[in-house]
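Listed next: structures, encoded as C-alpha cells.
The same subunit A turns up in both complexes below, where it pairs with subunit B and then with subunit C.
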Partner chain A sequence: MAIPLPPSQAGVSSSASGPSRSGTSILLIDDEPVARRSLAGRLTKMGYRVLEAVDGVDGLAAIRREHPDLIIVDWMMPQMDGPTLCERLRSDPELATSQVIMMTSHDQPEQIAEGLARGADDFLSKAASKQEIVARVQAGLRTHALVRQLERTRDDLDCSNRALVGKQRVLDEDLASSARFVHSLLPEPGAPAPGASMAWRYLPSLTLGGDLFGVAKWGEEHLGLYMLDASGHGVSAALRAAAMVTFLHPDNLARVVGGHDPVAIVTEANRRFPMTADGDYFTLWVGALHLPTWRLRSVSAGHGGAFLSVPGRPTTWLSQSNLPLGFDPEAGYVALEQDMPPGARIYLLSDGVYETMSPDRELWGRERLQQVVEARAGESIEQVIDACFEASRAWQRADHFTDDAAMVGLERNREASIVKREQ
Partner chain B sequence: MKITQREYKQAIVLDLIGDLTYDNRGTFKEAVERVKASACRHLIINMEKVQFLDSSGLGLMALMSQNLKLNHIRLSVVNPQSYVREIMNLANIAKLVPIYNSEDDAVSDRGRAAA
Partner chain C sequence: MDLSSIFDYELALARLDGDRELFTDLVKLFLEESPKEFAAVAAALARQDASVLASAAHKLKGSVTQFCANRLLDSVKNLEKLGRAGELAAASPVCATVEHELAELQNALRATLNDRLREA
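Take a look at the complex of A and B:
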C-alpha cells in the first residue's frame, strides 16, 4: 500500500548526474514509493529531470503544470488508475499528444491490448532490465520529440495561414476597389447621342479584366467608340487597360492627337504603347461616327471584334489585318468607312465572347455568334447581347467565361422611334 | 502544352502540341531560349497541332521574333490550323514572322503567306 504524497511534494526534481539530459523531464506516477524512487534514481542517473506523483489525480495535476516530455505511469493506483489517466489525457486537446508508458506487473496480451485501447503508447514491465528501461524511455522520448516537431510545424503553418488569409483579405478588398474603379470607366447605357441607343454587358474573368470599351461624344459632331484588349489577365492587364482608357479620353485625344480621326488615334497609340518586355500589348478597335451624316470611320489594330448589322444586308465585320499596337512603331493603319442607315447597329465585342471552347475542344467562333445576332435581329440590343452570352456559355457548358467577355451594341434609331421618343 | 525539339536540314523545329496561351507562355519561352542558346540560325515553329492561340501567345511570338532577329536567328511558322491562322492574319503577324505551309518551304523560303 502506497502512502500518497501531499501535492506540494509531487513533481520533485532531481539533479542530473549522467549525460546532459537535464532539460528532458520524465514524470513517474506510482503509488508505491519504493518502486517509484528506485526507478526515479535510475532515470536521474541517466541524466533526466525526474518528477514524481503518487496517483492519477496527482499525476494529472503535475502533467498540466509541468508538461513533461514523457510519462511513466503505474497501472494499479488508488483514486485514478493508469488507464483512466490515459483516457483523461487523450480526451484533453492540450494533453492528448502526451507520451505515456504504462507499467505493469504482468504482461498479459489482454491487459496490453486494453492499455493500448485506453490510450497508452507503450508498456514497461516492473521487472524490466536496465537496458529495456533505457530503450523504452529513449523510444518514448524520440516519439515525443517527433510529435513536438509536428506540433511546431502545425503551429507555424497555422500562423502562416492566418497571415496569408489576412493578406488575401487586403488583396481582395484592393481588387474589389480596383474593379469598381474599372467599372466606373465604362459608359452609361442609354442614349449616348441624339438618335442613338446603346447597351452593353461586361463580365471580367478574374474580377479585373484587360478588356475595356467606351462610347462617348468626341467634339460636337462625333461619337467615339472603342473596344480594347490588354493582353494577359488580372491586375497588370487592368492597369494597362485603364491607362489606354485615359489616353482615349476625348480631352486627351484633342490635346495629344489634335482631333478624333481613328487613323491618327491608333497611330499615336501605337507610338505611345510599345510592347512590354514581357510581350504584353494592346489590340484596339476605334470608330468615329460622324453624327450629321451617320458615317463611320474605323480602324482595327489586331482587334477582331466589331461588326455592322444593317437590316436587309449581310453582316459586315469591321476588322482588318493590321498589327496590334506596339508590335512595330512604324506600322501604318488605314480606315474603313461605312454608312449607318436607320435601324443599323454596330456591335463591339471582346474575343472572350466568341473564343469559347466546347468540352470536346471545338471553338464557338465568330460565325456562330453572327448567326445568333442575325437570328435575333428584331429584338432589342440587350436581348441580342444576352442571347449571345447565353449561347456562348451553353457552348462551353460553363456558368463563367474563362476570358473577359464584353459586348456593346449601338443602334441608330429608326425615324419612327425617334419621333415616338420625342413625343 | 507539349513542345518537342528536332533538327530538320539546317533548322531546328519546335513541334507544339496544345494551346499557345497565357498559361503556357513559360514553356514556350523556355523552349525558344534553349534554341537561342544553341548555334542554330533558323528556328521553325510547327503549329500543326496548336488548337488555339490567344493574345498572350501572339504577343510572345512577336516578342520572340524581335529577340531572335537581334541574335541573327530566322524565325518561321509552319502549318497553323485554320482558326490559329485566322488569328494570326487578323494581327498581320506574317509581317513579322513568315508563315509557310511546310518545313521545306520554310527552309527554302518558298510560298510564304503575304504580309
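Take a look at the complex of A and C:
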C-alpha cells in the first residue's frame, strides 16, 4: 500500500509560492522514512502531488493504480530494489513508457551504467541540491509529456483510421451496389433474335467499369449491337457509360433518332455527348443487323474493336478512322456494310482485352487476338472468348486486367441448328 | 555543547529551501526512526550477518544524510563499507562510534527542536 501523507504534505499543494502543478503526480518509492519524507516535503512544496510507496512491490502496485507522471525510486530496497522495478516496468506494455529517476547515494559510474541498462531514465543523488532536484524532475516530466503526446497522437490516428475504414466500407458497398446496377444493364446471353446466339465476358478493372455493350432488338426487323468505352475509369466513367446506354435504349432511339440507322445514331450521339470539361469522351461502335437479310450496317467513332469472322473467309475488322464522339460536332459518318452468312460471327471487344503489355512492355495487340480466334473457329463463342482472355492474361503474366476488358460474340446459326430448334 | 560540530543546521535547512516546518517534521520522524534503524544495525552485528549489516547501515545512512551530520555520516558510510566487505571484526568499534555519534545527533536535534519551540 502507499502511505497516505498528512495533509500538509500530501494531496494538492496549497503552497502560494509554488507554481500550479497540482495535476502533476510524482510517485516516490523509498524504504527509509526520513529520506522519503524529506524529498516528499520538498516536492510537495514545489507544487507537485506526491504519492509515496515503501518498497518496489508497493511501488509497482501504486504505479498500476495511479499512473504517476514521474517515478522516483531508491536503488537499494528490501523486497524489490530499484533496478528490478525498472525492469518490471519496461517489460510491461502498459507501463513501459513510465519516466523513472533512480536515487543513488554515490555516483559511481558502473552503478549509472547498470541502472541505465536496467531501464532507468535518469539519476538523482540522495544529497542533491534543490536546484538539481528541480532540474531533473522537470526534465523527467518534460519527457513524460512528450511521450504522452505521442501516445495521444497515435491513439488519434488509430481512431481516425477506424473511422476511415468504416467510411470506406460504406463507399465499397455503394460501389458494389452501383456495379450490380451496371451489370443489370448488360444483355442476357442466349438467343437475342431467332437464328442468333450470343455470349460475353466482362471484367471491369475497378469495381465499376467505363466499358459497356448491348445487344437488343431495335424494332421488328433489326438487332442492335454496340460497344462503348467512356474514357477514364471508375465511378465517373461508369456514370457516363450508363448515360450512353440510356441514350442507346431502343425506345429512346425511336424517339430521338427516329430509326435504327447506325449513321443517324452515331451522328446524334456525337451531338449530345460533347467532350466534358475534364476532357472525357466516348468511343463507340454501333451495328444494326437487318434480320430478314442478315445484312450488317455499322459505324465506328474511334472504337477499334469489332470484327467479322466468316467460315472460309479472312477476318474483317469493322473499324474506321473516325474521331471519337464529342471531338467535332460537325463530324459526318459513313456506314460499313457486310453480309452475315450462316455460321458467321461478329465479335465486339474493348481495347482492354488486347492492349495488354508483356513484362518487357510489348503490346499483345489485335493481330495476336485474331490468331487465337481463327485457331479456334470450330469452338463455341464462349470457348473462343475465354481463350482470348487466357491468352491475353498469359501475355501480361497477370490475372488482373489494368483496363476494362469486355468481349461479346454473336453468331448467325447454321441452318441445321435453326431446323433443329424449330423441330 | 557546540551543536555545529555535530550537524550543520543552516545547511540542513537550506537543503529544505528554508522550510522550518518541514525541518521540524523531519527531526521528529528521525527521533522515532533512527533508534529502530540503529537497533537493526546492532542486531545484524550481534548475529555476525555482514550482508544485513550493510543494508541496515545503508538505510541509517539515508536518514542521517538529511541533517548534514558529516562526522556521523562518515562513520555510517564506513560501517556500510565494512559490512559489504565482510570485515565484521573491524565493524565492531565503528558500530560503537556510530552509536555514540548518533546519540549526540539525536540530543543536538532535540535541543534544536526545543529552541524552536521556545522561539515559537
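Quick note on the criterion: the second predicted complex is superposed on the first by the 337 of 423 C-alpha atoms of A that agree within 3 Å, B and C clash if a C-alpha of one lies under 4 Å from a C-alpha of the other, contacts with A are read in each partner's own complex, and residues count from 1 in each chain.
Methods note: contacts are C-beta pairs under 8 Å (C-beta built on N, C-alpha and C of every residue); 3 or more make two chains touch, one makes a residue touch a chain.
Just so we're clear, the structure is a prediction, and the values are computed from it rather than from any experiment.
Engineer: Which partner chains sit in contact with A:35 here, subunit B, subunit C, both or neither? Use first/second/both/neither.
Structural biologist: second
Engineer: Considering only touches as defined above, state whether A:217 meets subunit B (first), subunit C (second), both or neither.
Structural biologist: It touches nothing on subunit B or subunit C.
Engineer: Touch test for A:355: subunit B only (first), subunit C only (second), both, or neither?
Structural biologist: first
Engineer: Is A:368 in contact with subunit B, with subunit C, with both, or with neither (first, second, both, neither)?
Structural biologist: Touch status of A:368: no partner.
Engineer: Is A:290 touching the first partner subunit B, the second partner subunit C, both, or neither of them?
Structural biologist: In the superposition, A:290 contacts neither subunit B nor subunit C.
Engineer: Is A:88 touching the first partner subunit B, the second partner subunit C, both, or neither of them?
Structural biologist: Touch partners of A:88: none, neither subunit B nor subunit C.
Engineer: Which chain makes contact with more of the residues of subunit A, subunit B or else subunit C?
Structural biologist: B
Engineer: Given the complex with subunit B, which residues does subunit A contribute to the contact?
Structural biologist: 229, 231-233, 275, 278-281, 283, 300, 302-304, 319, 321-324, 327-328, 351, 355, 357, 361, 363, 365, 403
Engineer: Residue numbers of subunit A touching subunit C in their complex, please.
Structural biologist: Residues 8-9, 30-35, 37-38, 41-42, 45, 74, 76, 78, 105, 126-127, 129-130.
Engineer: With touch defined as at the start, can you tell me which subunit B residues reach subunit A in the complex?
Structural biologist: 22, 25, 51-52, 54-56, 58-60, 62-63, 66, 83, 87, 89-93, 95-96
Engineer: State the interface residues of subunit C toward subunit A in the complex, per the touch definition above.
Structural biologist: For subunit C paired with subunit A, touching residues are 15-17, 19, 21-22, 25-26, 29-30, 33-34, 37, 55, 58-59, 61-63, 65-66.
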